[in-house]
Amino acid sequence: MNISLEQAEKAIVAAKAKSIELGVKMNISIVDGGANLVAFARMDGAWLGSLDISLKKAKTARFFDMNTGIIGTLSQPGGSLYNIEHSNGGLITFPGGVPIKNAAGEIIGAIGVSGDSVENDHTVAEAGALAI
Amino acid sequence: MNISLEQAEKAIVAAKAKSIELGVKMNISIVDGGANLVAFARMDGAWLGSLDISLKKAKTARFFDMNTGIIGTLSQPGGSLYNIEHSNGGLITFPGGVPIKNAAGEIIGAIGVSGDSVENDHTVAEAGALAI
Amino acid sequence: MNISLEQAEKAIVAAKAKSIELGVKMNISIVDGGANLVAFARMDGAWLGSLDISLKKAKTARFFDMNTGIIGTLSQPGGSLYNIEHSNGGLITFPGGVPIKNAAGEIIGAIGVSGDSVENDHTVAEAGALAI
Amino acid sequence: MNISLEQAEKAIVAAKAKSIELGVKMNISIVDGGANLVAFARMDGAWLGSLDISLKKAKTARFFDMNTGIIGTLSQPGGSLYNIEHSNGGLITFPGGVPIKNAAGEIIGAIGVSGDSVENDHTVAEAGALAI
């Protein structure tokens, strides 16, 4: 099962709505089950450097089928996954990447959001993921 | 002058409509004046390898402010720009990349389309560019 | 709004003057609003490895519209942006990158300086940014 | 012997003057004897994609101590250096890269120019190289 473009665009609409509600400007990436980009939107005035971060968050969430922030707790100095960020052409392991599931609970892709605090990034990503 | 997300999404809607009309499945990338991604959509079932090609076409069109196919006529063996494709992390110089202009005729970004014949790629890109 | 070459060269002149005053040898990069290089100077005898660092500092400052050192305080082990340096082809998050604003306060580019202590790097970058 | 920043800036001034005389907008890169960037200028409105090309031309000219166009005649299909462009992270082998010599005739660096026809690129590069 793979996310469709229609579903990905629905997630982006929800993420943009949540961003406007929070008064933040986000980069929003949606990847499919193969961790390949399906849809992307950069809101006007959003940080340019968050483009790549939103994509890497989405990929990281799908690479390991978990929220990116969880990986970040394990990749610290002394942690079991120390510096895992060096793999896969660069991971981002702080919050803002969330797997996307279908009604049956199967993972069909992931969303990555970047542009504000990691708390807001995560809140917007979750709003996008829950729209499906 | 830079393309807005609203304009970029309008271009994607038009490009998707033209793709459906032609019965083809496309990857569609929109970049801004700085050649950075603003919006992207991969239609269901579109070639995975065309994802990167659509992005490189959009960047190439903005890098040189002309349709990508024009560069491809100059980069052939014996041509004045032979192997220019090795620059900028990889250019794509066959048709499917088109600059996007505002009402005043200023270039504000570019669209890159990939997923079918280069003729269809170009037709869809032009439909997207003309929507703005 | 984008920095002009004339403005960028003015920033480099000011940065070089400050470097001579401090008795240091610097690499100085100026990028525009799209984070693309506009002007660069490497002072005679400056560290060769600082060439890329000055460019990455300038890009990082524009990517997130803030001084690079601020990001570095957040990207430490345990910090909210831990290992953000893995994004965007490599960030530099210690001091020496500063956004450049026009008279209206709009960000039009950034300067990145590398070649001595991070304190001196930052001092020189600020001298360049304030010249505009 | 290595080009100094003062000499590199003199070459850029001459290259800009020639560009204005020709009515063209150029990206101009100067590298030293180690093929590392010393100075760079992108004229307002110059093609963004020519940034990397000007740098690769300068590096290519110094890598082989000859005008880039000469290499391009040998890198064609069937030629003795076919597809040499794949080396060194990407070469550019059409005209516009020229070695820079000191008064004693020793090569101390190179200039790479990109932004218009390869003939104009070469003319501007030569004007820059002869300024030293």
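Order of writing sets the labels: A, B, C and D. Residues in every chain begin at 1.
Just so we're on the same page, a contact is a pair of C-beta atoms (placed from the backbone, for glycine too) under 8 Å apart; a residue touches a chain by one contact, two chains touch by 3 or more.
None of these values were measured; they are calculated from a predicted model.
Measuring between Cα centroids, what's the chain most distant from subunit D?
If we average the C-alpha coordinates per chain, A ends up farthest from subunit D.
Can you compute the centre-to-centre distance for subunit B and subunit D, using the mean CA position of each chain? Integer Å is fine.
29
Between subunit A and subunit B, what's the gap in Å when you average each chain's C-alpha atoms?
Taking the mean C-alpha position of each chain, the two centres sit 25 Å apart.
Could you please state the distance in Å, as a whole number, between where the Cα atoms of subunit B are centred and where those of subunit C are centred?
About 32 Å separates the centre of subunit B from that of subunit C.
Determine the centre-to-centre distance between subunit A and subunit D, using the mean Cα coordinates as centres, and give it in whole Å.
Roughly 42 Å separates the two chain centres.
Tell me, which residues of subunit C touch at least two other chains?
Correct list: 34-36.
Among the chains present, which pairs are found to touch?
A-B, A-C, B-C, B-D, C-D
Of all residues in subunit A, which touch subunit B in the complex?
4-6, 8-9, 34, 36-44, 48, 51
Which residues of subunit B touch subunit C in the complex?
These residues of subunit B touch subunit C: 32-36.
Using the touch rule from the top, collect the residues of subunit D that touch subunit B in their complex.
On the subunit D side, the touching residues are 47-50, 52-53, 56, 72, 75-77, 83, 85-86, 90-94, 117-118.
Which bits of subunit C are touching subunit A when the two form their complex?
Touching subunit A: residues 34-35, 59-60, 62-65, 77-78, 80-84, 86-89, 91 of subunit C.
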